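What follows is chain A paired twice: with chain B in the first complex and chain C in the second.
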Partner chain A sequence: MTEFINRNRRHLTWALYALVAVLILLFVGDQLAGKRAARVVQTLISGVLVGGVYGLVALGIVVINKASGVFNFAHGWMMVVGGMIFWSFFTVSEISVPGALLLSTATMLMIMSTVSWRTLREGRNPLITVGGIVLLTALMTVGGIEFQWLHALAGTFAGAILTGLAVERFAIRPLIGQPLFTAVLMTLAVAEVLHGVTQIAWGTVELNLPIFVDPHTNSRFRPIRLDAFRDLLDGVAIVRVELIIAFVLAIIAFAGFIVFFRYTSVGLAMRATSEDQQLAQSVGLRVRVILAITWAVAAFLASIAGVLQGGAVGLSLNISYVALRVFPAVLLGGLESIAGALIGGIIIGIVEQFGTLLNSSEQVGTNLAPYLVLMLVLIIRPDGLFGEKRIERI
Partner chain B sequence: MKRLCIPLLILLLAGAALPSLAQDMLAYPSDLSACEVDMTGETLTVFHFGDLSGPYAFITQPIISAMNDAISYWNGQGGVCGAQLEQVYEDTGGNREAAQSAYDRFTSQYPDELDLLMLYSSDDGELLREQLAADEIVSYISAGSIESLYGEDGMTPGWLYASNPLYINQFGFFCQFVAASPETFPDPVIGFVTWPNAFGRAGTEPAAREYCANLGVDVLEEPQFFLPTDTDILTQVQNATDAGANIIYTNSLASGPALIAGTLVDLGLEEDVKLAGVNWVMDTTVGLLGQRVLKPNGLPSVDGMFGSMPFRWWSEVSHPAVQFVYQQFSINQRAIAEQNIAYLVSWGVIDSIIETYIRTVNRVGSLDAVTGADIRDTVESMDYAVLGGLFQARFEEGMRDGAMNRIAVMKYANADMSGPATGPADALLVDGPSGKMFVPLVLPLTDFMPVPQLRSQ
Partner chain C sequence: MANIHPAGVFDTTYEQDMSVDRTARDKLWKNLAFVALLLVPLASVSGPLELGWISDQYVGLIARISIFVIAVQGLNILVGYTGQISLGHAAFMAIGAYGSAIMARELGFSFWTALPASALLTGAIGLLFGLPSLRVKGFYLAMATLAAQFIIPWVLRYPLEDLTGGPRPLSVPAPIIGPFVAYADDELTDGEPFAFQAGDPYFVDVISLELTDATAYTVVELVNPAGDVLPYGDVSMTVSRDSAGNITRLTYIASKAGEYQAVVRAEAGGSFKAVVRRSKALSFATDIAMYYIIVPLAVLLMFLARNIIRTRTGRAFVSVRDNDLAAELLGINVFGYKLRAFFLSAVYAGIAGCLLAFERNSLSLYAFELDISIEMLAMLIIGGAGFPLGAMFGVTFIRILQEAFIPFLRPWLADFLPQLFPFVDAVNITSAINPIVFGGALIIFLALEPRGIAHRWEVLKAAWKLRPYAY
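Let's turn to the complex of A and B:
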């Protein structure tokens, strides 16, 4: 018997997991049997759409991890900063020209000095810098309130790039060559700094960010009602428009990043850098530039997620905690996997919603179910669903 | 980047109703005790700490503004019986370890001066309850949990004194209101959709359910929880309504009630299901954030939401306390977004502290001689209309929380500011950061009445 177990340990383990999974599904199925079809469909829709937002947040964390191996604990606060910058430009009828000029100048100087400060003086760089400053300032200030979207997008783009580059330049770059854990701890410190900066700059009052507003009614978009399926579902399911928008944006971002990492030289360089920074540097890759681009991109992604989340529920410091809820999605999908971030986000979203449907009173949906699923997946696939299995030679 | 303006304009209404305030300085509205001891040359320190940068920061930050304004006002008037006021405070970020550390620092640095401490949250109250009693330090708090005020058995009054009624008592009071209003609430069934922390769970206890059932108001046994970071709570709201709830009650703040109200509108249930909650749902932030979703009648989703209002509110512009605080708010050019519960009630807490010290010093002879036990004796014999009636401080016979409450409804002002709007056509709309904005009103529906005492049931 012992010999049989030892010989078939692997298969028996899988059989055990399969049994547990079947039992869970039977239990859930039994619980769902008492629910109207409309509720089940509604829960599935909510789970997928909320999961899309989780996926977008997870993508920012994965991008940093993929390129640098650093797990970014400051991502939630980057979301807050990005959302607040967007709010500042979106809700003001007249943008301060000196303020916009200052933001543009700081951003362009950081971009153009990514390799070193000396490059600012080389060749056409001064001209490009001035041109960039003029262009960004113009985009942020042109026209009145009717151009609020343009102002907000330009301002958020500049603010996010500046945030990402500043974090990389002043916090992460000095740690190149140091143990990764040091950089991870640095992201905790960055989170606190961003927390403080946000509080000083925008205060702590919860802000309304009316981006999902129907201009005719000045109200949030009415949800889409699936009335055609009323009889079939024994009720009506609804789909919230702002969550569809967030979901579509998430899908576009994911598609873009998959292409970027697979087919562009910068993307490939990022992947190479994530394997081994010193090796990448030795073959001529500009590790500094690659890391800087990565942080800027992650900050921009965080800003998009912050704006979407702020538009859906209001902008407050609490948005930073969304990133904490996304960590299971990141681990579930695999720390380095772009597609895994989306699928992990959607799975966590669905699990949360069904957990809440079955038992909201004990917070099964948010506190228990996602972590149970995560545990189960990690036991079977320690690198996550789509993570890269690493083999280290000793 | 500079903080940009938020033209929320509850104040427009108040400002328009108070045209004379800009010209004349109003008299301090409290009937403070006369000073029998001259404290000139001495310093009266107001100690407080709590979450100023964590999850509750959006509602607590105006405490500091109110404290600064009140201290500046009093020192400008020559102090309290001659003593200059100052404050010592600390931000704990909502972290229990930080709260403990702040308490340890305060008690070690100010062993003689620290007799009275202001706290912000139930969590800190629970953490420090035993220590305050051991160190004989009285604590004023806006709202406390049963455990912080009365101990785990709910029967042991401690050294913390709350100005608001316990949340469970507020819920019982709401049940009274529902039972007395059958036209508004036919066949009432209440379902909790609330935050999952100690604050959010208050009122979900079996004692509250039993009390309400005896009044003919059913309360669903299973509360539905959601987090402040949730983007979609359709599942929780539908769980409650599917179980039969036609009233949703919430212990949440800011975006919490607004999210529930918006979800009800999304589901087309805004007429069939009423929304209600504790005193915090009546705050300015809710009135603003609730405008994100409009009902089919064109008014914001939280229009018609019920809530506790155990103190006077900004829109009660004829009340001397409100007039006075509003004038100070204007003089100090506070940001309009700070015009919330915390700013208003903090002026009341300062007034309570001053009255407490005046009475205690009158009795013991000098500020130096005052101890925590002396302060406690004073507090327990007080029956005091704070700031001339902002709320009542009465802690006799072991009471540690506010005994009186009112039910109010959130509405939006009509164009001539004579009452609530019936639709967007007659509503007062002002320019805001996101276009036209409605001006929230909080209208009391009842007089101040005693709350039921449910903690001991």
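Let's turn to the complex of A and C:
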């Protein structure tokens, strides 16, 4: 018996997985049997759409993990910071010049001093710094309410870069040489600090971020009704336009990152660093600078995701919980896989929406289903769908 | 850090080398500290001696610190000794707290049986969530415990809502010893009031109302000394029912002094026979009485954790932490020891949760959220992971920050920040200052002293013993 099990362990394991999968399918199918096809299709579509934004959030976590091996627990709060800064520049009609000046000065000083504070004094660097400050301040303030999109984008860009660089500089960089566990704990500490700071600055009330509005009526879009499939689906499936726009923008951001990652020299350097830090250092790459850039890029991705999520479902501190739901997506896709981030995000989005469909009163979709998936992934395939197998040596 | 002895003290036997207290002076200091800790409530304002040297709030504060010391010590066994990160410790505390509360409310367990029972229950569930450690480790395991942190409160909140009350607070009876002095049995007729007295907060009346042949009745008008009809908050009430759902016994324990009155009336068409049994019991409803349960237990559990690392099991834990592959090659059953660490850690969390429930007399799921798990992890890191005293230092440090430093900082910030930044609302500062101070403390400790306060304490102790020489 034992011999039989040992010899056929692989097949038996797969048979067990198949059995579990069939049971889950039967259970879900049974639960869904009472629902109309239109509801199921609607849930599937909104799951994919929600999952697009989740994929973007997961991408930010994967990028940092690839580059430095640190799993970023503060990503959710970076989303909140980005979304809140966007809100401040987007909805406030009069942007205070000192405020904008402060933000752009801090950002430029942070960017220019990434290597060390000494470089600020060298060559043309002072000129570049001042020029950058003036440019950013101008982008943030000039033109009044007409240019609110420009202000908001410039402000979010500066704020995200500042957050990412500051976190890297003051929290992660002092830990070089320490075990990775310490760095992971440090991101938890950073999450707490960002939590407090955002709560002081913007409060706990849900803010209205009217970015996805119909330009003609200046109000929220009317949901699309799939009337054409009425007979086929036994009802009308409804799709929210905000989710579609958020999904498309998230995919564009995703594609933009991939282009940046594959076809620019900085992206090449980032890939080299994530392959092997020592090797990258020995061929002359500045690993420290590249790690800082990675954090800035991740913070920028988090900001975009925060804005999209805030525009689609409402902006409040609760957005940070989205990142907690994305952790299962990251593990499902694989910690090192960029494509896996998107696929994992979409799967978690679908799971979440179906959870809500099956049982909307008990928060099954948001508070339970993603974490059950997480447990399953950890037990069955800890490396995720596309992650690297870890080989360890003593 | 190696054991540093004063000049002239040499280890000549193995027992001496392994001893916790090498010199008589070590032992004396520890015993003195323990006795001083036990004397704190006696010197407090409302203590039995009425000395009034120490404010009452410190008694409750030390008790709450001790509860968290137990919980964080459990985390220390898992994180500090065995090297497995847990982000779900608060959820395990929730199991201990709700488990013991439900045992006491629904199953008629006393505190003394609910404490070990809920600790074992928590340990079993801890084992369940330790199972992924067979395949994953380190950060992946942290993810599994993160899942526990969400799944357990969800289960407590929705499927078990009938037992736990869901998001509403759940009241917990105070622990008692007894009842052991029965002094009166009365027959009770329909509508006749029965009075009972509560005076001493430590030696309370227990009124047990045994109902037989009850068909349909209602209990009305439990009246307090001022004549108000009571909600059941001042008086703890335990209800036992038979299989048909009829009440067979009601137990009242009044802890606030005064004269109470209760009336049982049968509803139309109903009838019952009732016997009132009056007796006395030792109650632990007050902070001072709870102190004498919590603090000795905390000291005992600290002592146990201190000794675990001196055993075979403890050495196996440490070897799993330092290098699990090497440990496996040495013949240590890595998975087994990880599970043992999970079990022990969850048992500590369960005890802490149970004590928390009975100390507060009221439970709410909001006390066991992810933030609390992170806070406990931070307390451990700040105190010193892997040091037996780390839990104590960490919890005390964070609590001092929260109770002394933040109230001092808050009015100043509420005054200053809105002037500097006009968009800041002073209302938000109150709740936001806690995560900032606490995250800031963690950042500072991780960057400057990742080994925590306990390491500094060891250095200090060595320097004291070696004075006036440095080595």
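Going forward, the second predicted complex is superposed on the first by the 343 of 394 C-alpha atoms of A that agree within 3 Å, B and C clash if a C-alpha of one lies under 4 Å from a C-alpha of the other, contacts with A are read in each partner's own complex, and residues count from 1 in each chain.
Following the convention adopted for this analysis, contacts are C-beta pairs under 8 Å (C-beta built on N, C-alpha and C of every residue); 3 or more make two chains touch, one makes a residue touch a chain.
On a predicted model such as this, the values are computed, not experimentally measured, just so you know.
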For this session: For A:302, decide between first (touching chain B), second (touching chain C), both and neither.
Result: neither
Exercise. Regarding the shared-chain residue A:203, is it in contact with chain B (first), chain C (second), both, or neither?
Worked result: both
For this session: Report for A:195: first if it touches chain B alone, second if chain C alone, otherwise both or neither.
Result: both
Seminar exercise, completed: Partner touching more residues of chain A, chain B vs chain C, is chain B
For this session: May I ask you to decide whether A:175 touches chain B, chain C, both, or neither, giving the answer as first, second, both or neither?
Result: second
For this session: Check whether A:374 is in contact with chain B, with chain C, with both or with neither, and answer first, second, both or neither.
Result: second
Exercise. Which partner does A:238 contact after superposing on A: first (chain B), second (chain C), both, neither?
Worked result: first
Exercise. Is A:363 touching the first partner chain B, the second partner chain C, both, or neither of them?
Worked result: both
For this session: Could you say whether A:329 touches chain B, chain C, both of them, or neither, answering first, second, both or neither?
Result: neither
Exercise. A:184 contacts which: chain B (first), chain C (second), both, neither?
Worked result: second
Seminar exercise, completed: chain A contact set shared between chain B and chain C covers 88, 195-196, 199, 201-204, 363
Exercise. Once bound in the complex, which stretches of chain A touch chain B?
Worked result: 36, 39, 42-43, 46, 49-50, 53, 85, 88, 91-92, 96, 99, 103, 195-196, 199, 201-210, 213, 217-220, 222-223, 238, 240, 243, 309, 312-314, 316-319, 321-322, 325, 353, 356-357, 360-361, 363, 365-366
For this session: Under the touch definition given earlier, write down the residues of chain B that touch chain A in their complex.
Result: 1-6, 52-55, 57-58, 60-61, 196, 222-232, 234-236, 238-239, 242, 254-255, 258-259, 262, 266-267, 285, 288-289, 291-294, 298, 335, 337-338, 433-436
Exercise. Which bits of chain C are touching chain A when the two form their complex?
Worked result: 85, 131-132, 135-136, 138-140, 142-144, 146-147, 150-151, 154, 158, 323, 325-326, 329, 370, 374, 377-378, 381, 417, 421, 423-425, 427-429, 431-440, 442-443, 446-447, 450
Exercise. Where on chain A is chain C touching in the complex?
Worked result: 71, 88, 170-171, 174-175, 178, 180-182, 184-186, 188-193, 195-197, 199-204, 324, 327-328, 331, 362-363, 367-368, 371-372, 374-375, 378-379, 382, 392, 394
